[in-house]
Every structure is written in structure tokens, then in C-alpha cells.
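Pasting the structures here.
The two complexes that follow have chain A in common; it is paired with chain B in the first and with chain C in the second.
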Partner chain A sequence: MSDRLLRILDRISRVRGVRGSMYVAAEDGLAVAQLLMEDVNARALAAFAASLTRKVSGAAAATGSGRVRFVQMQAEQGVLLVAAGMHDLLVAVVADAGINVGLARLEMMRAVEQGQ
Partner chain B sequence: MSTTTVVEGWTEQPLIRFVGQSSARLVVVMTPAGQVLAQHGFTRAVDLMSAAALGAAIMASSGALAQQVGEATFGALYHAGQRHGIHLAGCETPRGRLIVLTVFGKETSIGLVQVFFEEFVAALKAAAPVDEPRRPILAANFESELNNSLASLFRR
Partner chain C sequence: MADDIRALSAELARDPSSLRYVELAEALRRKGHAQEALQVAIHGLGRHPDHADGYDALARIHTDRGELDQARGAWERALAIAPEHAGALKGIGFLFYRQGEVRKAREALEHALAADPSDDQARRALAMVKGEPPPPPLPITERSTLELARPTTGRLRPEDVPQLRATAGNIPALRPSAAGAARPAEPAPAPAPRASTPTAAPVVAPPVPAPGGAAERPPVFAGLEGATADILLLQQNGLVLAGGLRAPDGVDVSELAAAALAGVSGEAERTAGYLKLGAWTTIVAEADTANVVLAPVAGGAMLMVRRERSTPVGLAIRIAERAKETARRWLEGQGL
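Let's look at the complex of A and B:
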């Protein structure tokens, strides 16, 4: 299972600018599988990606926007992307600020589907 | 209203920060013997003392189990419930080993609690007075120590 997830994450890591990707248990905020550069704090990334998605989902529900599928948090030095599937599994990516978000999103949505 | 109260002042700021960051509902900082140094969220002394005694007992029994399988100790224990989760972990400080029991709800996650617990431990280590080792509690003065702790924690 873990090897299969790592192979899927490997496709995401090939997108230029990606510094790390991981599957995260949405409810627990814990990493399930990860491919990260050394300077990325896996535990914090998993926890905050799940927390961010939960809060955005709350905002989406409050505004009647339906289920959240993708979250993009752009910061000065980088970007955090989270793709959410139907089940309790997220794909989180931390990347450089100049990443091609469209390409990363494509790979992440594919990863979400394959990870179910 | 949830309150944070402490027996030893150096634990207060790290605990307040941990509660704020992790959104924990209940926290007990105690010695391995179950002596409470600080707490957040408890309103009744009997609940706090029960939680501390049970937490200390769980850590002691899991530690004994760890030794049986060749581990020095287990790092942390996590129990997931329907509405609450429990995180129970020990840490070393200049004032000796401490145990922290954290109860949290659906507004946060075990991942966040773990992340902020690491910061909490670092803050406790930094804040602990190094020149003042804790006195061992003897059976003879256990009751008076317990009463003093409860008086401090619940301002009685």
C-alpha cells in the first residue's frame, strides 16, 4: 500500500518547484505516505494541511459552496496546495512560489483518485 | 469558562500557549506519581485528581509493558474516541520527568496536538528552574501535599 502511494507521489514530485508531497489522513492530520525534502517538517505539514482544509470546508459549508476539492495558500516564499477526495485522504504539496499550479493540481487530483 | 491554574508558576506560560495553539479542552501537567503541577479546563477537583491518577497509572503500566518488550519506554499514547481524543506523553525537564495528559475535541486533531506538544515540551524545558530540584513526596505528607495542590489549583 505504502509503495503504491509513494509511486503516485513520485509523479507529483516531478513537477518543477515541488519540495514535497504527502498523503494525509484528513481527520487526524497525520501523514500516511510522504516524499519530502529534508527541510520540510512532515508532521507540521500534515497537521496544518488537514487543519486548513477543515477550516476552509467550514467556510464553504457556511456559504453553501459545497465540498472543497482544492485549496491553494500562496505565501511570499512558497505555496501550500491541498487536494481533497471523497474519503478521509488528502494530498498536500509544499512548493516554491513560482510553481505551475495548474500542472500540480492535475497531478494532485489524479493522486487523490488513485489513493482512494 | 475554561481556566488555567498552576501549582508551580514556571509551567503557566508554556501551558497557556499550548492550550491556545492546540485548542485542547483539558490538559494536566503532572509528575509520574500523579502530583498535579498545572491544569487547564477542569472545574472540579475530583475530576482533576481522577484524571491525574489514571494518566499516571496508564503511563506506569505502559512503561512496564514497554520494558517487557525491550523498549525503554513508549513515547506517547493516543486514544481516539467518537467525540474526544486523548494524548498522553512524558517529557524530561530540569525539574524531573513530567507527564502531560491532553484531551481534545473535533475542533483540532491529533496531528496538531503532536506538533504543538513538541513546542510545549521545549518551552517547559526552557522555563523549568534548574537550581531547585523537586522534593520527593513521602507517604507521611502526601495528604497535605495533595490538599495544598488542590488549594492552589482551585483557589480554595
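Let's look at the complex of A and C:
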């Protein structure tokens, strides 16, 4: 299971600018599999990815906007991306600010599907 | 009741994905803790956005708070997910009646009765709405048979829906003194005082606009597209500051959305710190039918802008930046 997930994450890591990627359990914000550079705080990334997705999903549900599929947090020196599938697993990525978000998004959505 | 709340809270802490958030929200609501109940329901719906029972519970909480537009929206959403949901059908039926929409009330109650022919309260409420005398209770044997035949869904039973217990006290035709008297359908009765004893059924608030509704909020975003329907300024603690959000059916969902987003700004700031990303500037969420842009404004305030999915994300961000600048100037002007 973990090897398979790591292989999927490896594809995401090949996108230029990605500093780390991980599968996160949406319910409790715990990492399921991860491929991160040493300086990336895995627990913070996993916990925030789950919490942010949950809260934004609540707001989207309230406004009748449907299910949240992808979340992107832009910051001055980097970006945090989260892809959500139909089930419990999220894929979270932390990357440099100049990353090609469209490409990363494609790989992440694929990873979400393959990780189910 | 307090023990129930503790036990349910502990269970949810152990298993945050549990659907028992509905019971916890209901227990809190009955205890009079409407704000806490609202938060529990919203968080639960964040995890289970297609959970009809959750919207039903949410509607009852809104009703207790006098937020009848939001209550109606939540019940409509419950019925969009589960068209036979007895609690939602009766709840919205009663709400329609309170708002003078007798035809809609009748349709909803007829639907509820069709879904559950053993439901005495729906039967009596329907009779009242139709201007008929209240029917006698079903014979025990017949009721038992029907109840035995009712599928177990794990939902709250209709008799657990407090609005409908309140119905019996609030609607003249259903008061004990009026039993047997034929009365025509009439407009919503005057609001009754709130129940003062813990065992009394809660009483539904009168159909007045929710305090802090879109019409009462400062017109901060006037001139921007979607000023009162797609742009919301909220505080870190989940309270609305200005603007407004409406669901596709026109219901004001500002407070609901703001409550769901409570704490996001602080979490984003802390996480950006842990991950050495610098200050966060925007969060964009792509949902099935809309893109949502969040942006920090000042002093923990946060902006939420919603645009249809067909609007490119980049354009949505530009729109959010304009709204953010407007909000920043307004907050400065307010000395906030």
C-alpha cells in the first residue's frame, strides 16, 4: 500500500518546484504516506490540509457550491495545494511560489484517483 | 442531558467522522446552547456535505435562533438530498404555515404523511392547515403495525422534532381546548413566548428577518459585482462583518459560511509560518459549481468571494483583490 502510494507521490515530486507531497487522511489530518524534503514540517502540512479542506467544504456546502475538489493557498514564498477525492484521502503538496500549479494540479488529481 | 452532551462530545472526539454530530447538535439545541449547536452542525456538515439529517438539525437550530430564512434554506437542502425526509418535510411545512404560505405548507405535510402514514402529528397539522377538525389519534393497533413497518433509518424520529411538538401548542386548532373544533386555515398566529422550563418544548420564533441579515449590513462592497450575494467579510471568530452570501435559491447563508470558516485565517498564518512560506495572500477552493477565494484583510478579518466555476481562477482572484482593498479601506475608516 505504502510503496504504491509513494510511487504515485514520486510523480508529483517530479514537477519542478515541489518540495514535498503527501497523502493525508481527511478525517484526522494524519499523514498516510509522504515524500518530503527535510525542512518540511509534515505534521503541520497534514493537519492544516485536512482542517482547511474541511472548513472550506463547510463554507462551500453552505453556499450550495457542491464538493470542494482542489484548494490552493498562495503565500509570499510558496504555495500549498490540496486535492480532495470522493473518499477519505487528500493529496497535499508544498511547493515554491513559482510552481506550475496547473501541472501540479493534474498530477495531484490523478494521485487522488489512484490512491482510493 | 449534560451527560448525553458529554458522552456525545467524547464519542465525536474519538471518531470525528461520526454522524452522531447530529445528536450532539440537537442535544445542545434543546439545552439552549444554540451557538454551540450551530458550530457542531456546521462542522459536521463540513465533513458530510450531503447529510440530510445534518441539514435538518441545522434548520431546527436556525429556527430557534429566529433565522427563518436560513432554516428554510437548510430544510430545502435536506429535501434536495432526501426528498422523503420526514423531519424536514414537517419542519418546512410548519415554517411555510408560519409564513402564511398555506398551500406550500399543505403540500409539505401531505408529502410527510405519504412518507409516513403513521405520523399522527403530520396528520393533525395537515388537518389544521386544511381547515379540518383535528383527526383522532390512530388506534394503537394500527399505529403499532405502521410503526413496525416503518424502516429504521437511524434518523431522528418525527416525534423528536421539537418544532412539531411546538406546533401542537402554537396552532390554535391543535391546542387541547380546541380539540374537535373545526377552524379555517388562518394566517400565522402571534408568536408565543419562549418556553421557560427545561422540559417544555421550544417555541418557534416569529417570522422576522434574521438580525444582521444582508439588508442590515453595511454596504461596503456597493458597486462591486455580487456585493451582497457573493462577497463576505468575516472576523477570525466566524462572525460576519459586511457583505453577504446567498445560496442559489436566494437564501442568505452568510452566517453559515462565516461560521464554517472560523479560525481559517489564524490556521493559515500559523501553517505558513511552520512551512516557511511567508505571509499567506489567497486561498482558492474549486468546488463543483463555484470557485471560492479567501484573502486576509486586516486584524484577522478575512474576505470570501465566490464566483461561478466558469469564471477563471485568475479573474476571481483579481476580483477578490479589489474587494479586499475596499474592505481594508472600510475597516480603516471604522478604526478596526
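What we mean here is this: the second predicted complex is superposed on the first by the 116 of 116 C-alpha atoms of A that agree within 3 Å, B and C clash if a C-alpha of one lies under 4 Å from a C-alpha of the other, contacts with A are read in each partner's own complex, and residues count from 1 in each chain.
The rule we apply is simple: contacts are C-beta pairs under 8 Å (C-beta built on N, C-alpha and C of every residue); 3 or more make two chains touch, one makes a residue touch a chain.
Everything numeric in this text was worked out from a predicted model, so none of it was measured.
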Which superposed partner A:His87 touches (first chain B, second chain C, both, neither): neither
Which of chain B and chain C A:Asp39 touches, first, second, both or neither: second
Partner chain(s) touched by A:Gly66 [first = chain B, second = chain C, both, neither]: second
Which of chain B and chain C A:Ser51 touches, first, second, both or neither: both
Superposed model, chain A: greater residue contact from chain B or chain C: C
First, second, both or neither for A:Leu30, with chain B first and chain C second: first
Touched partner set for A:Arg4, first chain B, second chain C, both or neither: neither
Residues of chain A that lie at the interface with chain B and also at the interface with chain C: 27-28, 44, 47-48, 51, 54
Residue numbers on chain A that touch chain B, as the complex places them: 24, 27-30, 43-44, 46-48, 50-51, 54
Contact footprint of chain A on chain B as seen in their complex: 80, 108-112, 114-115, 118
Chain A residues touching chain C - in the complex, by the definition given at the top: 27-28, 39-41, 44-45, 47-48, 51-52, 54-80, 94
Chain A contact footprint on chain C (complex, rising order): 16-17, 42-43, 45-47, 49, 77, 245-249, 253, 256-257, 260-264, 267-268, 270-272, 274-290, 292, 294, 304, 306
